[in-house]
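Each of the next two complexes has chain A plus one other chain: chain B in the first, chain C in the second.
== the complex of A and B ==
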């Protein structure tokens, strides 16, 4: 019961923070709202009985990604870049309406199919041992492939920033 | 059914730990000044009370009385929130640090640890990574170039050294096989070759060095206090801050130092372990057993933890007044080109030694 109440409170807050992240005029506010949303997501993992995922979510998304975001955003001169209020042109309103329609359709289709998760009954489902075991025993190939893709991404980034005088 | 007495005990314990951390922070500021004075052959603050012991109280009063200045063009909301973001995570991290083993009291087992969370060490990483936001946001919201540069420096520094710290801790996790800090401390009491306690520093010497250096960088202390380098950046990220807001940043830094010391002690120096001390007393192989009361054992363990943490706090001060500051390119080079490869090497060596059943 208490889990359900907490879930709905978190879910509502999550949607509100993500919405604020989109509509906030100031990029720094957007980034911080996103940080709050990451936190709430990790709280959802806690409710599902997966503390490992919750903590990893905070470490990676809040501790690393968001710091990078803020790092970049702070380099901008926010006073000069357009922090003017958003003008509601017809196209903007149209896109909002379209988004709402898509959301409603998605909601309608998901109705009855997606139920609120009841929490996993398997003991230690989200524990570090279990995640590690499954990742390295049954999903080793996808896991390694994902890390390989990341490695390629790193090479790509280095290639981009390298000076081109030696080409 | 909720056991209200247990809840009451742990609530009391968390309040107690909170107060103790604040007290330690207060006296650490005094200790820093006295130790620096001792190292530079001065006297240091010794006017307020006996040996200057009431100096922190005087400092606190002064902080409260000072005018709280907010720069004109600063972002008011974030400027106010930033000091809170700096101090709250610093206070939260101590929740999973065990400061003693179990205490048996009237048929009740009390963990001398606020929360025995089953991902304890990752929790510390997660919460510690939020502490950085206070610094970045504070630096940006002040609308001051020095502050902004301080914030940016700390962001890049934090990200680079978090990796090497994580790599060093992986070695510890491989050896002790648990994410719970209490288990890690407990397993360090087992004996190696039936003689030497398996303390982290003996099992993981390379990991310890990597961890120690990274922790200094993570807490923004000399030789890695680039975010607040006076000679280049005036006051760094807290240039514009005054009064209690500045005090919060200050207290956050010192609270981080306490957690860092506790972490070094727990991961590498046995935490609350005293060599050969078990729940029933000292057990020394081939020599015999000295029986002790359980409560006495608990007190000795807590004292041992306090002494270890105290030593590392002193070590922080010692290093600060001994070493010069790094240059920023040296700092990043050390992080990425030395510590991270060493951390990976440590993992490989540890894996090999575990396969050979040496540790």
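== the complex of A and C ==
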């Protein structure tokens, strides 16, 4: 019961923080709101009984990505250029309303259909031991494949930032 | 503790990955001219094609049912690797001309090939996502490779943003599917669906399937998910445009055939109606907008959208013959479009101009052989015998008629009559218009070789299509069992 109450509080806060991240005029506020949302997401993982994922979420998203975002924002000095209040066109508002209607319909249809898959109810499902065991045994190939994606990220960065001397 | 590892199951992938690392080392130890790196890439891709032919007929499922090496995977390995081979061949001179010290061009090409190969051989949705991402992340920088040109960067940016959007759709669909079925393993999903009484009654699952279909539709550029295509195709360097139209499309279609058609449609999940509309709208829109284009790269971008529509015609019926015809279509399109873009690569100048329709004026006077070959490619794209394009369209439409989709087949034939107009305009420009200037530079050896391979494929598939069609049939059969 307490889990349910905590979940709904977190979920509402999560939607509010992300909404603020989208509509905030100042990019620094947007980034900070996103950091708050990352924290709340990690709390959702805690509620689901996945402490390892929660810690990873905080370390990687808040510790690394958010800081990187802030650095980039400060480097480009976006503050001045985009401080004007955002104007909403009727078409934008219409698309927001449409999205909300679709989400409500989807929620209405999904009542009672979605249930937790079997695996989630196993004790220790999200523990570090279990994650490591699954990652290096059943998910060995996807794990290795992910390293290739990181490698390609480096290649891509080289493509755009490499200095050159004209031939 | 036992871990299910069988390296034979990923032998072609290992060869390409090894080539990637060897090329990276070669890149570090060569001068600013990077054609030796390209040569190593060529050797590696050749070895990959050889190993795929050698493994033909085996079926190995390994890595905890993450990967299946069967005829379906191998046929698509060979298709994308031929596209990669031709692309490297035609880029050998181009890359050194537009950018100095640019070995990463070949590295990105190889890693995108690697991603495609994991994408087509995956039997788990997680591997499909990772393969798709590896492929896409390698293509984004390649589109913006000529970074001095505004259009190139614009195309890369649009492709990146919409590609991320498509991945979000795909992931959300997979999450919904997982929430209902509790697994991402395609074999298990097929088993659950075959025993379930009423799989379509579950709206969440249907939404998941729809989102997955939308995610893939972005990648193969079906209307209305095609908005990125013209800008990305026009902005990309010409060899990469050909590679995207051929290999990226083929690999993404392989994933559609595997996930949406075989796993879902065989078990009475109604995707046929959605496919019907997607293909009709795609064929119509692609061909109509292509008529108005003045730039040949942009014209072929819209034509590639239309061709994706023709492939879907084969998938609508959802039976083995229809899917085989779609596979045949993808192979024939691979040869035709890489060949066309080999010639466009030759015509494209270093600053990205030279691909307007007027640049083809009087090409027959300066390059008679090249003009005849370009005309053959254009006739193949339009679907005129005795070329590969005709046989491909013939198989696709006959599969639709056999399954009772006569209306769609007639609509497809009508749209390909429209397409005749803009393909023949290129031929008209080459033969009946006067050249503006007489610039007669020699055709590089790499481009000649690439054009000859593509021409051989177009003629071979046009005159003796049954061999390749049998291979396509075998590959689909290996998927169904």
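Convention: the second predicted complex is superposed on the first by the 152 of 167 C-alpha atoms of A that agree within 3 Å, B and C clash if a C-alpha of one lies under 4 Å from a C-alpha of the other, contacts with A are read in each partner's own complex, and residues count from 1 in each chain.
Please note the rule applied: a residue touches a chain if its C-beta (ideal position, glycine included) is under 8 Å from a C-beta of that chain, and two chains touch if they have at least 3 such contacts.
Note that the coordinates shown come from a computational prediction; the quantities given were computed from them, not determined experimentally.
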Could you tell me if A:23 is touching chain B, chain C, both of them or neither one (first, second, both, neither)?
-> neither
What's your read, chain B or chain C touching more residues of chain A?
-> C
Please indicate which partner A:74 is in contact with in the superposed arrangement: first for chain B, second for chain C, both, or neither.
-> first
Does the superposition put A:93 against chain B (first), chain C (second), both, or neither?
-> neither
Which holds for A:32: it touches chain B only (first), chain C only (second), both, or neither?
-> first
Partner chain(s) touched by A:11 [first = chain B, second = chain C, both, neither] | neither
Which partner does A:106 contact after superposing on A: first (chain B), second (chain C), both, neither?
-> second
Please indicate which partner A:155 is in contact with in the superposed arrangement: first for chain B, second for chain C, both, or neither.
-> second
Same chain A residues contacting chain B and chain C, which ones?
-> none
Interface with chain C, chain A side, in the complex: residues 106, 109-110, 113-114, 117-119, 136-142, 145-146, 148-149, 151-153, 155-156, 158-160, 162, 164-167
Over in the complex, which chain A residues touch chain B? Could you list them?
-> 28, 32, 35, 51-52, 55-56, 58-59, 62-64, 66-68, 70-71, 74-75, 127-128
Mind listing the chain C positions that touch chain A in their complex?
-> 1, 3, 5, 10, 17, 32, 63-64, 66-67, 99-101, 104, 107-108, 111, 114-115, 118, 124, 126-127, 130-131, 133-134, 137-138, 140-142, 144-145, 147, 178-183, 202-204, 207
Chain A-facing residues of chain B, complex | 75, 78, 117-119, 122-123, 125-127, 129-130, 132-133, 136-137, 139-140, 148, 151-152, 155-156, 158-159, 162, 179
